[in-house]
């Protein structure tokens, strides 16, 4: 099976290896439910930690959008590359990065995946080919195209997954990148997380043509929309797109329609959205949706849920404790990594 | 090839750069060239003429007019294991890619705690003197020299044009090479390929005891001419070619200035907030007690570069300006 | 309650040392406070009169609490000068308890060292204006000895422009940069000026371009009126620093000899009788001529001491100490003095001295001498034991030519004599050499016609 | 030459040599060289200029006559009288 990425499998293995937990084989759906819940609970704890001033700076949460990271990452192999945005906790966790690496980073500690140099918006993991963590809207797209160019020139079979929001579709870099990728038939998949708002500006107030897939298609690539609130729909679309790109037919574009339940960043007054609209989208929360579905199918019990929550809570507590205890990067190392260090091997 | 045919006699700066690219692509399969019209057209300034035929369209890639897109793609390709050479037609156009150069190329290594380095080389034309007016003629390399994480090169000689590219490609981090537009047709004897060229130090192009003229790129020849003129009047100017605009070779500058005690900085960039300002500040910081006269700067007039020849020349640093500035540092009332 | 330690948050007032109505001055100890660590004296930071004691002894209060109110001086009573030499406040003493001041006024006061508490104001509402502060300044300046006053050097510094390198060299050489003549375009002092001033000019200047004059003790070198007259202090300081350096660095030894001037004066008188008035020669010219010729024969006294060694000069560059009418001295040089006839020496000396005094010396006359003569004969003294101008190694002094009893061939007679003295650098020469030098002078003066 | 003329001539010459000389201080019996701090060169200059302006040759033997203002005036008037006679 190539459908389960190794990093994700690693994360899964951690749970499975825990005595007493792995009582029976898990279905893919069950794992996806657990992965989404894991992201949700993690971010909820981030809110608390932010309020307690443990986390500072900008903190962008993907609560409500968890189906996308979980679904997309499942469609990738270890050797594929991921280029993400500043709302990337979910992507990072689903790609297999540990909570400890993320929380350490948000705490500004040495144990963080970027040694405290990046923070919430700049999560990186070379081992998992996770290229960040880009906080310039649209800025990651040309890089993803270049990564895909390298894959193509090196003759690999790898694909680059490029995630970005609807706001990036207004950036010139989207259009330059889409054109270049299509022109050169590069193996890149553009995953547009359309949560209807570019910060506080709604899609309709920002785009003359709000059918984003239609616009992407104009560059000569396959493009279609999918329900970003349904993890099964996401994973299905992502697999199709990734296989298409891997086949050498060039880039494709998937518009994943989703919604964030919380503000753009922490303590955003959220005056630009109708409360009713938020409530309406909450009814489509991907986690309860999948939960109900699995219950209905008889493959999920209350005990399972309790167990999932307990596992996640333990993982979070452990990560928080680790991050608290972790040393800070020495100030003496402030200027490290401005240029490469000779001893460093990649 | 044309360049090979003439290599035994004289080499132009353009040919030297082309030779350097040819050598790099021959030596390392990961090296490829991309940019606007680098392939079929042969390069806006004909630098890459013939390379498409030699290396094919995969490795000599014409790009659409999307500076941010193809510079970002260069970054991505570098991250992905390639060694791209990205050509941008002029420094003015590079501003369209400034986001990629600053926010990604220069930043990724640090932001990722050393996980992702960007072994990318970006070449571009800079400078005025060809009546290309205000959107093709500026000298903005000083801006780039402001950015930590980048190495900024300004080859001013045939030897440097020929020799700087390879070490730039070997650098694990992004390197920007600024080629002054007036240099392409300058010719000289082909450099000895056995002499390695570094991308770390400034070069003393002319020794002198009375004043240090600091310059780089397109103004080097003006500075050298000025030094000759001054020599006839009894003033021996030392001329330093910075070569590397970032990181600056402070040691060479300080060594010279502590001997001559007088400094004239010639920089085709605008004076305000310029590279010349940075050098001036460093010399004041580190050689204050060795300065025997105020530091003089010869920069471009603070106007967008005009088209008309006489206006353009009036806006640019000239030999006479350099001579006058030197004289202000060594002149006395008596 | 003052903070008497970084970690102090509160303090207990133990004792008042003043009572209401007491005049207090800045620096007075007015109370004792107990911190958690010790009993500490509390200083008053202003001048005035205690109006009210607010915190009673025994009370513990936070840092920042007002302990007492200090008012201004009662009207008509001038405050005593503060520690900083603060000027009394004469004139209409309309002092107020609470001066209102602008930042500009505060800065002016700070820069000029004026304590605003002592400044009377004529303005309404106790508002202090700039004029109130400036009103005090000339008087303040007047009453301070210029050299000791920090204001005066500040003024000098402002007028002087020197390159950083020149400053560094001057500091290393121990000379006051303000005394160095600047050769820069606007008179700014450059490294070569300092080198010349220290006479260790081993580095040639940029030829033809920056070569200018300069001299050891002559701040007036190229701009006498601009520098010396406007800043007589500068010259005083120049002399002070140079002479201090000399006495610090040079191990002087002194020799004197008395020379019979009968032959010399007789020769002069006879000669002057024949010459037009404008060409008459004074005895000083003879003394200079003899000194120059003697110096040529004794290279140990004619040169400079640089980098631990004597560098004899190839010619005798004779420095002549010229006292200026308004005080101070300047040392023009008579180039290659040993090669000049007495007549030429006389003419040169007259010319140079006159121009030295009117501030019109040429830079060539301010190049470093190789030996200096100080002739104080006209001032009537008998002998001069001088201080050598570093880095020179000798200074020759002459007193007045006086009639003295003198034994010649066993007979006592009255003869005109002069006391010649040598102050010499013992690093460069020994007494025997100095003696030989003085004897040369003596012998030369016995045969003036040969000079 | 009248004494007034002679005095004027002397004062003029002294001012040439010592521009800010306080001539009022040169009262009867006051030594000019001492008061104005004239050195031998100044004195030679004084002699030269007086000789020139008065049209007479002041010999070294006469230098003593230039000690005070009164004697100097006397010297000039007498010499002038003698030479015109």
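Letters A, B, C and D name the chains as they come in the text, with residue numbers starting at 1 for each one.
The working rule: a contact is a pair of C-beta atoms (placed from the backbone, for glycine too) under 8 Å apart; a residue touches a chain by one contact, two chains touch by 3 or more.
Computed from a predicted structure; not experimentally measured.
Averaging Cα coordinates per chain and for the whole protein, the chain whose average falls nearest the overall one is B. The interface holding more C-beta pairs in contact, when A-B is weighed against C-D, is A-B.
Ranked by distance of CA centroids from chain D, the top chain is A. Per-chain CA centroids place chain A at a distance of 78 Å from chain C. Put simply, the C-alpha centre of chain A and that of chain B have 41 angstrom between them.
Inter-chain spacing, taken between the CA centroids of chain C and chain D, is 36 Å. Distance from the chain B centre to the chain D centre is 79 Å, each centre being the mean of its Cα atoms. Shown for chain A are the residues that touch two or more other chains, of which there are none.
Every pair of chains meeting the touch criterion is listed here: A-B, B-C, C-D. Every residue of chain A that touches chain B in the complex is listed here, in rising order: 81, 83, 112-118, 122, 124-126, 131-134, 136, 139, 141-151, 153-154, 160, 172-173, 175-177, 179-180, 183-184, 336-341, 344, 346. Contact residues of chain C toward chain D in the complex are 269, 272-273, 277-278, 280, 282-284, 325, 349-350, 353-354, 377-379.
Residues 210, 233-235, 261, 288-293, 327-328, 330-334 of chain B touch chain C in their complex.
Of all residues in chain D, only 18, 20, 33, 37-41, 43-45, 47-48, 51-52, 57-60 touch chain C in the complex they form.
Taken in their complex, chain C has these residues touching chain B: 163-168, 183-187, 190-192, 206-213, 222, 363.
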